[in-house]
Amino acid sequence: MKFGILVNEGPYQHQASDSAYQFAVAALARGHQIYRVFFYNDGVNNANKLTEPPQDDRNITRQWSALAAEHDIDMVVCVAAGMRRGIKDELLAPGFHISGLGQLIQAGIEADRLVVFGD
Amino acid sequence: MKFGILVNEGPYQHQASDSAYQFAVAALARGHQIYRVFFYNDGVNNANKLTEPPQDDRNITRQWSALAAEHDIDMVVCVAAGMRRGIKDELLAPGFHISGLGQLIQAGIEADRLVVFGD
Amino acid sequence: MSDTQETEGKQRNVKRFMFLNRKAPYGTIYALESLEVVLIGAAFDQDVSLVFVDDGVYQLKKGQQSKGIGQKNFSPTYRALEDYDVEKLYVERESLEARGLTAEDLLVPARVLGAAELGALMEAQDVVLSF
Amino acid sequence: MSDTQETEGKQRNVKRFMFLNRKAPYGTIYALESLEVVLIGAAFDQDVSLVFVDDGVYQLKKGQQSKGIGQKNFSPTYRALEDYDVEKLYVERESLEARGLTAEDLLVPARVLGAAELGALMEAQDVVLSF
Amino acid sequence: MSVLHTTNKSPLRTRDLESCLRLSRAGCGILLLEDAVYGALKATSAGAKIEEAAKDRRIYVLGPDLAARGFTPEQLVAGVAVVDYGGFVDLAAEYHHVQAWL
Amino acid sequence: MSVLHTTNKSPLRTRDLESCLRLSRAGCGILLLEDAVYGALKATSAGAKIEEAAKDRRIYVLGPDLAARGFTPEQLVAGVAVVDYGGFVDLAAEYHHVQAWL
């Protein structure tokens, strides 16, 4: 089955991105496909490559990048939400790319399920 | 009177930073002093100089920078919260600087009032 | 539409999209950024519904004047939805009543549904976008 | 301490700082980042109280095992507070009761106060840090 | 003067106002700002609690937040005072300290 | 299958669960994750509502979130099932669509 995932909150402040990541890992382990992860609202902050949490904590951005690389997942950062919050091309960690809100609607159309994680 | 201000949320997603800014403007208009504005939790995202909201919207980061320049306000971005969220020196808009949590406690000690804005 | 079907070699994909709005405007950005998705989504010719529940009904309150808080009043955009052919707006009756509001307090016409009817509508969707 | 007073040429500034914790751990970062402020603040020799109200009391729940959600279990740090001479921990009785918890469920000793007493304690502070 | 409590969440969404009312004391001030302004409207169930609290506490509503949300001071319960940001500053200075219910 | 509802806020803090219960229908599934897991504990007042809802709806609790918060499946009300992230995925696939109560 093809899953689309929408992440509405940034890393650390809320658990949303963690839960979305765990969901994605589990879906892939079950043999499902992740059609796209769309980062919206403060979710765009997950793409910031400068994040450097304490050594004993998870690096959420790097987790997403690694998962995307391993499973060839399309990770889209909303251009409008990103502009508003200062998340632009030069800040993107590997695997994230910037595109329009149409990609979210497209995910809703093409994926079998769209699962939303937020606050 | 000397006010300290703590901002716990980033720009746009929550009204906290807007309210804190309006409070600061009003305090200065009343002849009070802003001892320090401390940005903690997602509040560190207010310092991101790349923010570029739609033209008909306020630019919260630029508002803070302008206010700090005009009134010589000390605006501190927490180093630990900033590292965690990828807000580092190279991203700081004018007037923001990075320092430790001790600056927040110091603001509590030195200011006559500490006012907290968050979610 | 049948042209598209033939071009794409499959049945045209029309899904029922529901935008679920449960938060007040201005205190958080969700109302505004939800509306931005709706406007973009309108171009995709899907079957779109907007639902306002709980504090989400405050998004449609008439008379918003946000200059004093330094934010843009985006509520007129709800009136423009018609131009985008977004015409299915639903408001939960229980949410209105708990806030002492009636359909007359709203800046756009919206169909008022009781919780039972609205629950059925939710069940009939394919994709629910929550903000 | 009187040395400091003379050096600074004014009475040493000791304020009553209260950390007000009202949110559950893990779902949001506030509990963890509040604790980080407490640890730093301990070096400033102020009069520090930690108060746990509403879902904040869950921060002190014994037996947290967060490996499964990919987050670090930071609850042992509450036990280390004593080493930082942070010893005034208060929990609201009403908040505990609403959650079916007692002082025995908590991983550190904390004084249980009813709302009336706690309200008086809040009033006696100089600085309240809310997260 | 005692404490100025601030609360910024809609009481129809969260229970913050309940806790603020439970733990605040006679003589204190309570300022409703941002989404909390809905709580002081006559039309909501929270309004009755605010009206009751106003008997021994001073209740303030931030006017700019009320206007942004499309309501007027006439729609507030009796006994609450509307202030602007300057009034918020005055209150913060007047009370001994400010306590946010986040 | 009908809808899988998800809710992630503590019902002791917000009213999200109330709305989810009011608007969800017989035959649906409700997954409590993140801070919402507190709502299924016997010890809380929300627990009784969950137990009632479990009569005609399937209630699921995300186990890893429950463990993180220091509780065990034995402390949940009757009639709820504990799932892990894989189980969450299975549910999302099994129901017709997923609706988040944010």
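The first chain written gets the first letter, and so on, giving A, B, C, D, E and F; residue counts start at 1 in each chain.
Rule of thumb we're sticking to: contacts are C-beta pairs under 8 Å (C-beta built on N, C-alpha and C of every residue); 3 or more make two chains touch, one makes a residue touch a chain.
These numbers come from a predicted model, not from an experiment.
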item: Magnitude of the superposing rotation for chain E and chain F (Cα, nearest 5°); value: 180
item: Interface with more contacting C-beta pairs, comparing C-E to A-C; value: C-E
item: Rounded Å distance between chain A and chain B, as computed from the means of their C-alpha atoms; value: 27
item: Cα-centroid distance, chain D relative to chain E, in whole angstrom; value: 26
item: Chain A and chain D: spacing of chain centres that average the CA atoms, whole Å; value: 34
item: Where chain B touches two or more other chains at once, by residue number; value: 8, 12-13, 15, 19, 22, 41, 57, 80, 114, 116, 118-119
item: Residues of chain C touching at least two other chains; value: 23, 26-30, 54, 69, 71, 126-128, 130-131
item: Residues of chain E touching at least two other chains; value: 8, 12-13, 15, 34-35, 64, 84, 97-98, 100, 102
item: Inter-chain touch pairs (all); value: A-B, A-C, A-D, A-F, B-C, B-D, B-E, C-E, C-F, D-E, D-F, E-F
item: Residues of chain D touching chain F in the complex; value: 23-28, 54-55, 58, 61-66, 68-69, 71, 73, 75, 98-101
item: For the chain E and chain B complex, residues of the former touching the latter; value: 6, 8, 33-35, 64, 84-86, 88-90, 92-93, 97-98, 100, 102
item: Chain B-touching residues of chain C, taken from the complex the two chains share; value: 26-29, 69-72
item: Residue numbers on chain B that touch chain E, as the complex places them; value: 1, 3, 8, 15-16, 19, 22-23, 25-27, 29-30, 32, 112-119
item: Residue ranges of chain B in contact with chain A within the complex; value: 10-13, 41-42, 45, 48-54, 57, 61, 80, 83-88, 90-91
